[in-house]
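Two complexes are shown next, each including chain A; its partner changes from chain B in the first to chain C in the second.
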Partner chain A sequence: MNKGWKGQLLRVDLTAGTCKIEALNEEWAKAYVGGRGLASKYLCEEISPDVDPMSPKNKLIMATGPLTGTYGAANGRYMVVTKSPLTGTIASSNSGGYFPSELKYAGFDMIIFEGKSKHPVYLQIRDGKAELVGAVHLWGKSTNETEDAILSEFHGDAKIACIGSAGEIGVHYACIVNDKHRAAGRSGVGMVMGSKNLKAVAVRGTGGVQVANPKAYRDAALEAYGMLKENPVTGQGLGALGTPVLVNVMNQSGGLPTRNAQTGTFEGAEEISGETLASTYLKRNKSCMGCIISCGRVTKIVDNKYAGDGEGPEYETLWAIGAACGISDLAAITKANYICNEAGMDTITFGATIGCAMELFEKGLVSEKEIGMSLNFGDSDAMVKLAEMTAKGEGFGKKIGLGSYRLAESYGAPELSMSVKKLEFPAYDARAVQGMGLEYATSNRGACHVRGYLISPEILGLPEKLDPQETEGKAGWLKIFQDFTAVVDSSGVCLFTTFGIGVPQFTKFCNAATGTDMSEEDLLVAGDRIYNRERMFNLKAGIDPSQDKLPKRMLEEPLPDGPHQGQVSKLPKMLPDYYKVRGWGKDGIPTEAKLQSLGLS
Partner chain B sequence: MIKVQFFSLLRMLLKQERIELSAIEGETVAQLLARLQKQLPTPFLHKLLDDDGRMHAGTIILVNRHNIHHLQGLQTPLNDNDVVAMFPPGAGG
Partner chain C sequence: MQKLIRIEPAKCVGCKTCELSCSFKNVGEFAPSRTRIYNEIFLDEAKFITVTCMQCDEPWCEKSCPKNAISKNMATGVVTVEEVKCVGCRTCVSACPFGMIKYVDSTGKADKCNLCGGDTPECVAFCPTQCLTLDEEDKPLRQKMLRFVNTIKDGQMEV
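Let's turn to the complex of A and B:
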């Protein structure tokens, strides 16, 4: 094809130890854009949704989009799509850095891993050629050590994605880390990779990415570049303070779930804020491939028992390991963040699980003897110790490695897990931000913020300010956000660009790159198609609409503090609207007519 | 007294976290902003407002943690002991 898409995929049979190049299905690529959408289509065609996520029959797909590796905005992303061992839903996790673009430069739009290797292996790709090589010497190494070891085998010239100990030992929220500090973070995609005995993918590519219409592409890129530079968020704010700027925003707005969401404000917020991070451990900002926003945080702690260096913490991590655990020690949070990155663990689920364990402990449901230490809210030493134990699969760390739902359920209190479909919700309280609660309930991978980020209008006022307590109209807003996000994830561009550019710019980009002639509406229909494709996978996997819910605490325990004191989630009011706006039946199942209109029946 | 808190790029620009001002009966947020600008040596209003004095998309001003968008906007009246928090447009996630 060579127009945005490279036109070929790599199929790696780990059982047989073979690598085969196949033509990309062009018809599917057009209908599903690429990345998340196209990989979901392949997954749905190739595995049975009821497959055991840990069985060799599950597949793991790494997929770039048609814009990955091009210039103009922040076009260096990829998605990892598989069936999640944490949630049982379709999993698709996004990451940036440099690995995704390198995969394109080596000639591939995607890699499909199937089967299971007998021994640890890693995949080497050099400009269109691929082979599996032994990785026994890498097994047990951290993500940093793994990358360094492989780099020396490539004479320093490769981009690497790998798992750490978490993926090897079955932490249910293990992630896949690339370029040392970027992660396909949520849903346990690293656990699936580990189950296949696949330690890493190393790729070196020296080709480029051609676009169908270079002149139109350059115009689109120049327009996007100008808009992103002009915009105060993408042009300045994210670079200066990164995502952690939200700690104070959410705390002041009364929607920072604190101590396992028992309150909506945290008295220690200022100490873990982006402003404090910028004036203490932040060394510089950093960008992914071709990105002008540069939101990455390069940090270092010296002269402290938590000394270390790396990248992060990001906002969600500051919340999860901080406010959700009642911890305001920024050094301890940063240290735990480093431990998670090196072990390859999702910091959101890790922190939320510790917060849940702290509540179980304080309620007397789990004993000091069983944990091996006391575990009160605010105990940063215990939290850091448990990060180490979870990374190694030691003692109570094994239970923390199951995620909060399985942990709380094992003590007879699943309602203390702040999760939907077994995925912990991130740093926004559904009682303070009604639309976000609807997003948690309906996101195809469980409670997630990056499927339909209604915080943008409800709290940040972008593109316009909506009342966070209003329920009217939220379903419509959410559908547009979810469909557009599906397109952005599928195109290979960073979601953060959408604070500065919108559907018109993405339509121009996609058309110029791929040679299609889509209208803005067509693009959103593609997003709708992707969303419904994922929904159908989940339904067939047994995740029925009764799972479109929120933790009891969100629905029945009024927020005790802050500007939204007294509020609960009004999900029961919004959900029927949402099903209607989506064109689904009252039962939450896409109608035949809806599926037909999207070419999905 | 009115307690004003500066966040994000505003804090970095002004190099201070907060300031206290005496309360003036009937003063609105817009009037408070004008008074603050007179008092502070660094120009900062452009971070929050456009040339016509309207809030930029994304500017957050909270009075006692309530967003003024859902009160009376810049015309929201202030009372003694109010806390006003100001954020220029920002985002993350």
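Let's turn to the complex of A and C:
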């Protein structure tokens, strides 16, 4: 079992301070592909779903897929899987850069962290050998500083994933940053890492990744490259304008949630658009390992009180810190983005939480005295100040660090949190894009866009154009998108490739890499299996189907303007369809027959 | 004229596809540590520099080889290591001022870019941005010169 997969995992017991190499479970790897799927299977086997996410009993798994470290499309991804402290659901957060491939070159498909270290430590891996070393001297350092320090003391060619201050002080949406600017962003995976006193993972690997059928693999890669280059989104749009290309698109579609989703259009959209970013602070685009899309935004601000440099903002960040807060000052958004990256905080939840706090303030539910400043929509200085305070855990920043649900609930207004299962929804209004609303309600990690990105058909028209207000058939579309996404995340390839390539290409890649003989149908069944595996974890964790819902605002407050003026989410109409299409009972619980058919009973 | 790999650094996006495709073709696995072309990433400066053997006309490696295992074919332009003659003494590794020939533990031989032996080099075939091209003509050089010429042209038009 050394084609595609490396066939071994590293188990790190932080309590005992030991590292042990284990063979990867081959049967599970075949059934769950790798990455997100395989790590979810391990997590479900090894922890009780009702475990306190912050206790040493929770585990943190970093997992690559069988295609990670190869070429073909954008094959440099890994996933962090654990129980989320923000949502209580299973968390799996994806990132690219160079770290994931290096882990494979060092000989490992995944790392399982368990227990809790007494003192801050970090993990050094060098070609099949691993040891925990002290990290007291790194504690408190930013993600940039941590990476630089490890590069100089361990190995100049090492690839590094680490937490910043946010993960150390318990910001509920702390992320894990690798290669300085890439983040396993959502669900608070960095908070779990911090709770284990694990500051960083540094890897140097000089080995390689073999595939079972080199000729078939190369042919599949050439086909995929051709399709990705010809596709307007992956071949041009994402390289030239990055994800921010969506700001104007979503605003014109009337689905850019503005001022904590009080409206769906933002008068300042042009000022925070991808086009404006490209003509102001963008220095160049860049790729992750093995990626031909190059959506990364390298930016720099000079001659401005918000001077700085780094990567981003991405579309979701421009929306969260921008439109959701009524802020159109691109420099301020970019600065806050840098602060989030260096502290290791998810920009979506951070921005959405500020937007929520602004509404709480304007409604008089929280006072100027308590915040330490006024906090009206559009106040970019206050927003940047709060980013710094959140990163340091100071004053009202501590409350911002809890995420919007806990914040709004503490002021008696949980309905003002634009979240599902305590995860803030991203930059698409569920009233303007009906399928996306269904995705938010049913995604296994809360309101998330990257489990079933129906924006692709509903707005971008890929692979075909669907009416965003239509509800008929959306459940079926969503199931296929969710299952396919589960496979893509598990394979080690970037989700963005799916604008240009589909199930046939992934089937060829997976078979040629690992030597399996899966049909396209088999691949989607694996996705269905992963999805149901995650669902069962959540149900056992106490997240019952009544949580498959949307904030009241989405269901009861019609959009006041834009092309979808007057619309609300039609979730109640779509949800029963969805349960049916999934083969679940009317109660939203997978039936025994369904579980049996997937080998999950 | 020699067909050589031409490199235009401004087009590089740091994806390392050249390293991946080179190692996959030449050593049978995706292993950037065993590539013959190097894509170095400077994260802080956001600069990506790709280098490989430039197939010198008077190669240091050739001149230094005590076994005459290295030669340049002036027709194809390729500097090649003849494996049967190579004794793995690493003299060429020391001699090359650019670090573009290396010793490989697993084979015990010197190893360098041979432009994939006459096929389109794999790195060129897979480079997504055309940062790498195989050409007799040094087009990137001409592009660089033209950028400079254009600044003069623009300046003159303002006068």
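Just so we're on the same page, the second predicted complex is superposed on the first by the 600 of 601 C-alpha atoms of A that agree within 3 Å, B and C clash if a C-alpha of one lies under 4 Å from a C-alpha of the other, contacts with A are read in each partner's own complex, and residues count from 1 in each chain.
Here, contacts are C-beta pairs under 8 Å (C-beta built on N, C-alpha and C of every residue); 3 or more make two chains touch, one makes a residue touch a chain.
Model, not experiment: these values are computed from the prediction.
Colleague: Clash or fit: chain B and chain C on chain A?
Modeller: fit
Colleague: If we overlay the two complexes on their shared chain A, which of chain B and chain C does A:450 touch? Say first, second, both or neither.
Modeller: It touches chain B, and chain C stays clear.
Colleague: Once the structures are superposed on A, label A:298 by its partner contacts, choosing first (chain B), second (chain C), both or neither.
Modeller: Touch status of A:298: second partner only.
Colleague: Once chain A of both complexes is superposed, is A:206 in touch with chain B (first), chain C (second), both, or neither?
Modeller: In the superposed model, A:206 contacts chain C only, not chain B.
Colleague: Give one of first, second, both or neither to describe whether A:275 is in contact with chain B, with chain C, with both, or with none.
Modeller: In the superposition, A:275 contacts chain B only.
Colleague: For A:142, decide between first (touching chain B), second (touching chain C), both and neither.
Modeller: In the superposition, A:142 touches no partner, neither chain B nor chain C.
Colleague: Look at A:463 in the shared chain and tell me whether it touches chain B only, chain C only, both, or neither; answer first, second, both or neither.
Modeller: A:463 contacts chain B only, not chain C.
Colleague: Name the contact category of A:252: first (chain B only), second (chain C only), both, or neither.
Modeller: After superposing on A, A:252 lies in contact with chain B but is clear of chain C.
Colleague: To make sure I follow: the centres are taken over C-alpha atoms, the vertex is chain A, the ends are chain B and chain C. What is that angle to the nearest 10 degrees?
Modeller: It works out to roughly 80 degrees.
Colleague: Taking the superposition as given, tell me the minimum C-alpha spacing from chain B to chain C, whole angstrom.
Modeller: 17
Colleague: So which bits of chain A does chain B touch that chain C touches too?
Modeller: none
Colleague: Where on chain A does chain B make contact in their complex?
Modeller: Touching chain B: residues 232-233, 236-238, 240-246, 248-249, 252-254, 274-275, 278, 295, 314-316, 449-450, 453, 455-456, 459-465, 467, 495-496, 499, 562-563 of chain A.
Colleague: Using the touch definition up top, name the residues of chain C that touch chain A in the complex.
Modeller: Answer in residue numbers: 13-17, 20-21, 23-24, 27-34, 41, 43-44, 46, 48, 126, 128-129.
Colleague: Would you mind writing out the residues of chain B in touch with chain A in their complex?
Modeller: Touching chain A from chain B are residues 5, 7-9, 11-12, 47, 56-60, 62, 64-67, 69-70, 85, 87-93.
Colleague: In the complex, go through chain A and note every residue touching chain C.
Modeller: Residues of chain A touching chain C: 69-71, 98, 101, 105, 179-181, 205-211, 214, 218, 221, 225, 229, 239, 283-292, 294, 298.
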